[in-house]
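The two complexes that follow have subunit A in common; it is paired with subunit B in the first and with subunit C in the second.
For the complex of A and B:
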């Protein structure tokens, strides 16, 4: 009897298994690579635009170590202050641990609080965009809906003196209604005439932006004594209450953040569990198949854009009543545009959108601190934000360069199709 | 957009659709006329408006005696009739179905000949200067309104299908004229005149970047690649052009180099877009939007880090104004078209060039075929990717040059907000222009006109019931109406935005 020993299949070593695992394209690997690319890009920009560093590179061949060290030092300092300005400063943390007073706690919580404050409207706006993308509709003119929603909330906000329990929900409903009407009208144009939503929403946004100075100049809107387009302020009853106000009034985190988290849960339920959410998804995947299945395409198209518009209007209301408290001609910054990138980076998943919006908020807040400490323009944070968005939303490119497998799966992101 | 089966185009079918269109146009004309009579004509007869025909007094119209003037007028009228007449005559009387170039030329010469004595009789040229023309607001608007109503009524009655579009366009121009006269009315003599040529001159300059952006979009989409990143190319072109011009101290050569580098920076963005669209088959709209945010971010960074701290970048370059020798002396048309910033000439030349390239050359046919049916094009041996790369990158040159219009041509300091979303407007203009360079130019002029007008009407803002915010918003409303297909059907290139997969 000869013992036949079966040839065991060659197991890859544990190390190779990890490498192989890392080469599977998934969102974590992609995010890490995107952050690294963005960081490298930002570093190059810092070096190129800092004259003292540029001159040090002239002596690169005589003193390579010193050159690289001085460049790396500035870049590291920039990124360090970016992080500390966005999340938490370790120096302040150790001070608080040594001396736990309220004032020190407020300093520790300060950066995170302003990051989340900035992020809250962006979360809701990004969710609005992702609802549109879910149905393969691109609401590129979200800025107009943000402003229109905020304008409606403003009128309620300064004209009523009721309890916050009544006034805040009322503002929210009015803002969502106006946003939904504006975007729903574009949806109706798409459904009944075939006008592409990218053009109609963009044009409606331009119309709103053109009419904003006129709106702010109206007699009952304009603040007395101001001529350069500033509106009245929202009454205290209509403002979102601060959450950490008892620690220090400088902590701006307000009720908008819990509202945004609740919206994330709601949208997640809507996408995964609700009938309407599934209809929107079906229409987004294939209009023809959805029509064959008996879905009213026109109705769903209008509904999708109306929902997106409602969320964007709500984002405007959160921005108005939580942060700015009055409207001016540049109200809302670039929330409508940033929301597009947020929805793409979050890959249309509610918690992904949440993470992306918090990341954007970190970049915004950290950038300001970075400019204050290192003198490098805070727009560096926006560059990093844009590069990360580009790498995550077009994963083919990154997967091809880094030889990651399965880029097709990642790229299967439901978004708007071409024209017509 | 739902697919509609193509209609069979026969002569009788065409007549049926165009007869219905003539009815609609006639009703529109009557409504315009009623509005002119009822709204604008209701003003007090004591109110007047002064229209200035020239923005400066640099031009002279040769003098004519009255008798010779009549002869010139009659000759001009005859030429116009000769040029325009056959277009409107019914086919059975030998009418021509299309405009021929000879007709247009004869008609144009006739219009110019007519303008000459008319401008002299209006007393606008007694001391070598074009002058003002003061009209009574109520009578002027009522006259225009009655003419418009009459034209509309005749159109409703007879359904001149061929004359209908021309009559409608004339009606729109007349309506705008009536609005201007009504908006600039005054009771006391020393009032600010509304400079008609100034408004039109500004229209040309304001629309250059819109024209270039829309032409760029047209080229890309004709090849089947949606370029929504025109805004990003504008920003890149504006920034690079500004910086290069300033580094080279705004000399003539420096400005030319600035224009070239601006164009190249637009092409760099176009290259990224076309690699993403062709090699990686990415969603072109998404890539475009992200490219715009990338360009905005870079521009913000450069502005914050370099432009504000460096003493070099403080000058604002501006391109010279060239008055062409003879033609710039034609009343109204001369100062508007032929006494312009030389960037306007460049823009018009590029539009003509691109119309020629797209519609008259073999390369253009290939590009258009790739945008309509890439599989068929590949079957006959056209390189789909090659044509798309070439078209998109060349289009990037045009868009980058459009960016230079903001800084190098207009003489503005660069800020990242300078382009303020006009790249997206260019996209809408491309659709309004039906994916044709000349159409894009016409649509862009409309946007340029309202931009220029809302600036010029700022003086009269007290007495205009409509706030100028609505005038600024008007072209966007028109865009929505047109894109909705309420005025004619819109058909994009068939393979627009669809990545090509080689089989």
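For the complex of A and C:
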């Protein structure tokens, strides 16, 4: 054997060690980088869409400092109001500290309360999608399950006058059942005929959407005396109680949020510790190996989609009884679609889904306030949201640009969230 | 071309898979790499092929240092590789897979399918391989897939050909054919690196043999200076008993009874044609035969993976013919599937999880709803030590283990269950000699504990070593059940379709 003296690598300095640590691709680094990219992208958009700024760039070479300063100022203002609108306004905060009245406290808590209210159903819907992804099933028609679940909860909500302790759980159960039946039927179609769940859930969602106006027009659903396509209202016993109602009734944060957090814990347990969750993951990762190990693939396929549907139905119920209290033809916004992005951005991890949903809520809430204060369209918030989603969903792209190591590992996570 | 690897070091975290490895392959040389499971052979080859980036070291071709950062570079430098675990696209045809990466096009961007098929047809004819260019990969038996891999590597006119355990899944006939092909390539001046755990093959083929242990080269030798025993001890670092010594079987009750079983394959052809067998507690029935004679479908029918068209299977007197896979596992049947990567394991799961894959509901590992993670880990630790699975920890994903160590995981899982019947297909595929010795002992121990064992193997050596009785299967029919002491010639004739004269009861 030839003896070759290997070159001894130089001892890296501590600073280099930190840099090197930061270059190790992980979800935190990836998220931070994604936010920075989105922020930069948004800044360019702000400048391009603000005529006065754009003209100032024409004379960039005569006063470069002023040009940059004025652009930076507007961008900063936009992001500041975005943040303050989504989380807390510093001005209101100092007012409250100077004068701690209930009314001032309500103003302080307002933005965060709205953000979390919006996020609550989205968290649960995102968890529903991630249950599907865990088993490599793509419940793209979640919107239909959201609406169907809400519809079922609505009937219970306006027809019963019981105690909230009974009525709210009952609404939840019927919403989950209806969502589970709807998605489970698509699962059964897949298990027994091989029909792809993307087609079946999407089409079932279309059907539900088409049936919604008819449903709302039904004599016992429609609001008496009105023909505006709105339904009756959920009785007070069936509404989710406000959490901060004692401070101000304008704080919309309701029981839906703790329920969403509990669901995060539950799904976390389900993924990591439960037998059924393990089976679903097995089938998701390798159908053949699961079959060899004695798993009933058909059963697990149906169950996976039924569970996903149950969570989406529950999201519909939370939206109905926590926020809207009645249904109209545009009920539920785009929760079913946003949930897909939330599950992917959250990388199928329950707390990741939570964070992603809250982030989406922040962009939604903050965007409105930003538009109101700065005049910059709230679409900017949607763009930022989309760019972040894009970067996190394509880790290879980010890792390549920033020369991060270990992109494969992040991507591997991604494929486990994919579908076949 | 002359290939030289200089000072190659590759780490995975704390694990040093290759430690300062030097290797020279001369033109026209067949260089065999030997080493235990997990010694670092595949890692070294993946470095050469650009699939892994080494931490240090360099690669030289004709004494010129070159950089290989991905397989494209490797192919451009005339390096072809046949991987231990196939890199074929399951839904593509054989022809499409072979041309992948160097697709013949006629007016861009259209694929020239006809040219592709022609290339494949010519290649298979030239090298005497029987490959159906139109067959979709996932429908092909694993041996045929391997031939496609080899054709793919040859199709690039590689000057340096790396074959990582190409013969693990080949029949002896196919192996002989491959060896001939390699000899011919060598005569054309190509350099070949050949990895195998089959020492006899290595001695027949090699010009130089280099042995790797724990990521380091421990020495080189030539077939003239080595014997199977010397090679084995060089690899493992101790003397290896190449033949299992086992006490004669003490057969008990009939535990597995197969009656006139007919089974169809995916294409609807009847490939098991009226098989009847009886296996008793405490004996090993080995099923010999060239692959593709119905063994796969027979095993699938026994384990519930495939419905028999007619006939009956009973385990311990209970009819299991129509039972689900779960029902059959619960009846006490252990199953080591032929294709570990596809059926036996979930590569992304940890070792610990893979060791309980078919025991999710076992009260040892789960309560009513939840899994007992601690017990699962402990079980993993225990089996990892007992079966010498080389890995950093039980949390390591099985997919990152070396091929042989993956096989150990499957074997460990099935052997650790409380079994009445153990059905193993190719139980030692890809294992090094030391591990084969160990695994054979484990199987025999199970036999002596009263398990009825069925071993399907295309290795005649293994069949003879393990079987108390040997059934030879040909064209879906058991040609006869004979004593393992039957001569190799006799076995060869039976495997080619001749009926046995001295049938055993």
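As a working rule, the second predicted complex is superposed on the first by the 403 of 420 C-alpha atoms of A that agree within 3 Å, B and C clash if a C-alpha of one lies under 4 Å from a C-alpha of the other, contacts with A are read in each partner's own complex, and residues count from 1 in each chain.
Operating definition for what follows: a residue touches a chain if its C-beta (ideal position, glycine included) is under 8 Å from a C-beta of that chain, and two chains touch if they have at least 3 such contacts.
Just so it is clear, the model here is predicted, and its values are computed rather than measured.
Engineer: With the two complexes superposed on chain A, say which partner A:303 touches: subunit B (first), subunit C (second), both, or neither.
Structural biologist: In the superposed model, A:303 contacts neither subunit B nor subunit C.
Engineer: In the overlaid three-chain picture, which partner chain does A:211 touch, first (subunit B) or second (subunit C), both, or neither?
Structural biologist: A:211 contacts subunit B only, not subunit C.
Engineer: Check the residue A:274 against both partner chains and state whether it touches subunit B (first), subunit C (second), both, or neither.
Structural biologist: second
Engineer: Name the contact category of A:294: first (subunit B only), second (subunit C only), both, or neither.
Structural biologist: In the superposition, A:294 touches subunit C alone.
Engineer: Contact-wise, after the overlay, does A:138 reach subunit B, subunit C, both or neither (first, second, both, neither)?
Structural biologist: The first partner, subunit B, only.
Engineer: Would you check which partner chain A:78 touches, where first means subunit B only, second means subunit C only, and both and neither mean what they say?
Structural biologist: After superposition on chain A, A:78 lies in contact with neither partner.
Engineer: What's your read, subunit B or subunit C touching more residues of subunit A?
Structural biologist: It is B that touches the greater number of subunit A residues.
Engineer: Would you check which partner chain A:378 touches, where first means subunit B only, second means subunit C only, and both and neither mean what they say?
Structural biologist: first
Engineer: Under the contact rule defined above, give the subunit A residues that sit at the interface with subunit B and also at the interface with subunit C.
Structural biologist: 416
Engineer: Which of the residues in subunit B end up touching subunit A in this complex?
Structural biologist: Answer in residue numbers: 1-2, 221, 226, 228, 276, 280-287, 289-291, 293-294, 296-298, 300-306, 421, 424-425, 427-428, 431, 467, 469-470, 472-473, 476-477, 479-480, 483-486, 492, 496-498.
Engineer: Spell out the part of subunit A that touches subunit B in their complex, as residue ranges.
Structural biologist: Its residues touching subunit B are 45, 49, 138, 140, 189, 193-196, 198-200, 202-204, 206-207, 210-214, 217, 337-338, 340-341, 344, 371, 376-380, 382-383, 385-387, 389-390, 393-394, 396-397, 400, 411, 413, 415-420.
Engineer: Enumerate the contact residues on subunit C facing subunit A in the complex.
Structural biologist: Contacts found on subunit C: 6-7, 9, 20, 22, 56, 217, 219-220, 303, 305, 324-326, 328-330, 335, 337, 342-349, 353, 357-358, 360-361, 366, 369-371, 373.
Engineer: What residues on subunit A touch subunit C, complex-wise?
Structural biologist: Spelled out, the residues of subunit A in touch with subunit C are 1-2, 4, 6-7, 269, 273-276, 278-279, 282, 285-286, 288-296, 412, 416.
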